[in-house]
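Two complexes come next, and they have one chain in common, subunit A, joined by subunit B in the first and subunit C in the second.
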Partner chain A sequence: MRITVERAILFRALAHVQSVVERRNTIPILANVLIAAQEGALHLTATDMEIAMVEEVPGVRVDRPGRCTAPAATLYEIVRKLPEGATIQFDQAGGDAPLALRAGRFQTSLAVLPVEDFPSMTEGKLPHRFSLPAAQLRDLVDRTRFAISTEETRYYLNGIYLHATESEGTPVLRAVATDGHRLARVEQPLPEGAAGMPGVIIPRKTVNELRKLAEETQDEVTIRLSDTKIRFEVGTVQLTSKLIDGTFPEYERVIPRGNDKVLRVSKKAFADAVGRVAAISSERSRPVKLSLDRNHLLLSAASPDQGQAQEELDQEVVQYEASPIEIGFQARYLNDITDLVEEQVEFRFADGSAPTVVTDVAKPEALYVLMPMRV
Partner chain B sequence: MPWLCRDCLRMGEESPGPAACACLSRRVLRHAELFALTVAHVDCDAFFASVEKRDRPELLTRPVVVGGGRRGVVAAACYVARTRGVRSAMPMFKALRLCPDAVVIRPDMAKYAAAARQVRGLMERLTPLVQPLSIDEALLDLGGTAALHRAPPAAVLARFAQEVEREVGVTVSIGLAPNRLLAKIAAERDKPRGFAVIGRAEAASLLAGEPVTLLPGVGPALARKLEAAGFTRLGQLAALDAREAARRFGEDGPVLAARARGEDDRPVTPARETRSISAETTFEADLSDMAALEAPLWRMCEKLSRRLAEKGFAAAGVVLKLKTAGFALRTRHVRLPSPTLLPETLFEAARPLLAKEADGTRFRLIGIGAQPLAPAAEADRGDLADSEAPRRAARWRAMEALRARFGEGVVMRGRGLRE
Partner chain C sequence: MRAPRQLPLPLPLDPSYEPADLLEDPSNAEALAWLRRPGEWPGGRLALWGPPATGKTHMLRWLAAGRGWPVLSGPALSGLPEVPPGTGLAVDDADIAAEERALLHLLNLSAERGQKVLLAGREPPSRWPVALPDLASRLRGMAAVAVQPPGDPLLGALLSKHFADRQLRVDPGVQAWLLARLPREAGAVAEAAARLDRASLATGGKVTRPLARAALAGLPGFGEAEDDASLTGDEGASPPGPRLL
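Here is the complex of A and B:
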């Protein structure tokens, strides 16, 4: 294999793929990136056996096709430190011969591992295919990923549940995540081709990698999937991931329908007040109590060793017509949701101990459920 | 120097005390702080074996080992058996190899519990501050009781030891010191039927030459860590100031250094807090495959669930305990998303832990523990990802009610059926 490539192009591609590589690895080949040069095209692949990232690198001169694997982190470090505008040449004689890298007066030779040992994750049919504008995909991810669980016992909560369903008669593509304490449900009109797709749970790490890739593009993202795998094609990058093999809970059952105590409050006033009041709390969960009365909201928090804090919001920013209630939430859980709200946040309560529904008044397609805590 | 005869309970302040008491007993305690010390550690000597010997006096001079079958472990060994090298927690086959003529007695826990209650009763007549540490061990704080008893704690304790021998029929060893740590160490120093005193004045010098493993809580792992850092004797640890100790050994460092100096400010607190509840079983024959191990795991989950319910607790985390055929102990812990009392939830949490360990290794024991504990009222309330939990809990309670009324086998989960 002999190829020549601009440093900037290679650096961007390596930055993508090496982020998949686990820093600590028991299988040596997983620390390596697969470099495959064919006529006119260079592909870089990295995998952790759960996710594979394949990047097609444009603008490469391939003098002699070939394939080899080299340590991803080392290669990335070297390329990062090469001067901007440098031209890099790779040269590898095949087999277990070292990979020579030259750039100007710099040269190095890297040990390789056998190409045949590099696990392939990209095989297998992915019968379902649809595409989404990157902005819509970002929205689905951003409004759900904060609620992904990290607990190990309920592994089926460690991702975003993506599935096709109907919402009041309209077909939608829906993303749901929950950690048991809060739940996020967001939907988009169902894209063409997604109608027959199975419901899939996309692992957290894949979600985070996807979010990084989606940041860089305004184009359509193509999604292909089967029962066990999903692939996202974002520009020149292909992200293939295993899916979480489990059954996502029947979330519809826990979304309250009859909550009739409605609070509308200015997001900024509310979020700022929560932040100030919660600062007093020394507990990790930082509970904040909401005491509601007609067009009046009192936020309070107390800590046995530090004292107490409260803040009042009145009709200038609060609309509340129902009977008075008191209810407590973790400050962080409130903030995670208000961060996603633009101007007005709506809470629908049943009572002080039942799940509460939260929405952005301007964006009814996103819905959040919060479990209260005792305060 | 203050002195006290442990047999006739005469005592005095004049120094030096007589070599033997006027009653001719040589069991005379002498210590400068004898009448000022108030914290005692009381330990029954070879408790289970002593209770058995009490009930079968013909065994008095024979080596007696209490424990389960060939596959079990030694629960208690009498002092005759100990001279042959038999120790508590030793596998039974090993004990029998060391001491083939041992009289092996199956444990009769109800009998020991009754004896222990008697001992506890006698303790509670001395002070309200009795903290049981196990069935046969307790801490007593006798501070402020001298006026009530019209005698210093040392004399009260010596009388107590006589009462236990007379009324319960077993012997105790007592450690008397200014704090819990030193009392425990003292109790270990004179056994059986002992009474040892460690005072404030000599504590540090007495500990200095001892190995670090003397401290309760310094197990093999910590001992290795300390040794790697060059600390093998308590004196070396004692020399560290708090900041240096924290730098070297983390947040527990300062406490470790204080303990090495014989300092311990933990109070004696009656009714020890329950920290974990567990259930375990040793197999008839070693097991290695997952399917075979799941069956006893399930039974232990049911047992644990019942124990939790009895004590009013729920499990907020689960500890899986395995002992290999080679007696290596493996414990694995997982935190539960929310507290539970249900055997199936305990089982579902423990099963993946077991699956990781079931790699062909042969195991002789499996156990499951609840740790940390949560109040039973917080159990199985369900959350947004599990709205069914309250119904599962109701189902389990209904099954338990049926079993309580009609007998153990009347209803059970299919998983518990044996082939």
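Here is the complex of A and C:
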């Protein structure tokens, strides 16, 4: 294999694929990137056996086609440190021969591992296919991924549940995540071709890689999937991932319908007050108590070591007409949601120990459920 | 002052009633033998009874699914319930039927049509607190088969199934530790799994021995007597678990 490629082009592609590679690997080949050069095309592939990322690298001169695998992290670091505008030449004689890399006066030789050992994750049929704008995909991810569980014991919550359903008679593509303390649900109009898709749980790592890729494009993202696998096609990148083999809970049953104590409050005033009041707390969970009365909200927190703090918000920023209520929440959970709200946030309470529904007044297509703390 | 405590979302449970997950054991062998032969039920009726969480619902659904019978819920029986056509029907929690007249209507109509009827409850039907004389006499005349309290191997398998139903990964060593301390009752095992599920969801952590001690402290019959030095650490050596079915 002999190829020549601009440093900037190669660096961008390597930055994508090396992100999939786990830093600690018991299987040596998984630390490598597969470099495959055919006539006029170079493909880089990395995998951790759960996710595979394949990037087609444009603008490459292929003098001699061939394939080899090289250490992804090392290659990435070398290319990163090469000067901008450099031209890189790869030369590999095939088999176990090392991969020679030259750029100007720099040259290195990297050990390779057999191409045959590199696992393929991209095979298998993906019968469902649809596309949606990258901005809509970003919205689905951004409004749900904060609620993904990080506790491996409950593996079926370690991802975003993506499925086709109906919302008040309108077909929608819906994303849901929960860690058992809060739940995020957001939807977009159902793209053409998505109607028959199975509900799938996309693993957290895949979600994070997808989010990085979706940041770089305004184009449509194509999604192909089966019961066990999903593929995102973002520009010249294909991200293929296994799906979580579990059953997502019937989340609709934990979304309260009858909460009638409605608070509307300025997002900025509320989020700032939560941050200030919670600063007193030494607890990891930083509980904040909300005490509500007519058009009046008192936020308070206490710490046995540090003292107590409170802040009042009045009718200038608070609308509340229902009977008084006291309820506590983790400050971080409140902030995770208010970070996603534009101007006004709406809370719908039942009582101090029941699930609370939170929405952005300007974006009703996103809904959050928050469980309180006993404070 | 009580420490603030995060409450978990009440995520619903979706237990498996798949035939493959029905655990056969000497405690339910007689009941299963009866369920496999509806043609031999006296008068075409059978009552399945036993303590809570011993698998009555699972067995009832297994039979109904295999024969295409509808499954009705006792607490939802009211008025003159529709009796779907077919060879039979099953009523779960029939001992707590919302309206006695509805259950009587169901029994009469199915008898007229020659449909088999399977009822499930916690006590034999002759002991159900029924006020309607006609219904009481029909229940007294029904064949009734008991599901016995489970033996140790089934208790271990039940605990594993409850965790599997809740999609909760629990270390086998912790499961063995739990089994050594839980009352020998299927209901207690089910209740323990439910409490541990809620507790681990609330703390956002694994089911460990310290968490189990705290979460099951109020569970009647949960004992710490068998604790010894080798069992106190979460990662420590544990006695081998009972062989699962």
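Note that in this section the second predicted complex is superposed on the first by the 375 of 375 C-alpha atoms of A that agree within 3 Å, B and C clash if a C-alpha of one lies under 4 Å from a C-alpha of the other, contacts with A are read in each partner's own complex, and residues count from 1 in each chain.
Note that contacts are C-beta pairs under 8 Å (C-beta built on N, C-alpha and C of every residue); 3 or more make two chains touch, one makes a residue touch a chain.
Since we're looking at a predicted model, the values are computed, not measured.
In this overlay on subunit A, subunit B clashes with subunit C.
Contacts of A:P355 after superposition on the shared chain: both subunit B and subunit C are touched.
Once the two complexes are laid over each other on the shared chain, residue contacts for A:V265 go to neither subunit B nor subunit C. In the superposed model, A:A72 makes contact with neither subunit B nor subunit C. Between subunit B and subunit C, it is C that contacts the larger number of residues in subunit A. In the overlay built on the shared chain, the residue A:V254 is in contact with subunit B and with subunit C. Once the two complexes are overlaid on the shared chain, A:V277 sits clear of subunit B and of subunit C alike. When the two complexes are overlaid on their common chain A, residue A:R374 makes contact with subunit C while staying clear of subunit B. Applying the stated contact rule after C-alpha superposition, one finds that A:H181 touches each of subunit B and subunit C. Contacts of A:E151 after superposition: both subunit B and subunit C are touched.
Clashing C-alpha atoms between subunit C and subunit B appear in just one of the listed stretches 38-46, 56-64, 92-100 or 236-244, and that stretch is 236-244.
Annotation: subunit A residues 149, 151-154, 178-183, 249-251, 253-254, 355, 369, 371 touch subunit B in one complex and subunit C in the other. Looking at the complex, you find that subunit C touches subunit A at residues 1-12, 14, 167-170, 200-202, 204-207. Residue ranges on subunit B touching subunit A, taken from their complex, read 334-338, 348-349, 352, 383-387. Residues of subunit A touching subunit B in their complex: 149, 151-154, 157, 178-183, 249-251, 253-254, 355, 369, 371.
Interface residues of subunit A, counted against subunit C in their complex, comprise 149, 151-156, 178-183, 246-247, 249-251, 253-254, 283, 285, 287, 304, 328, 330, 353, 355, 369, 371-375.
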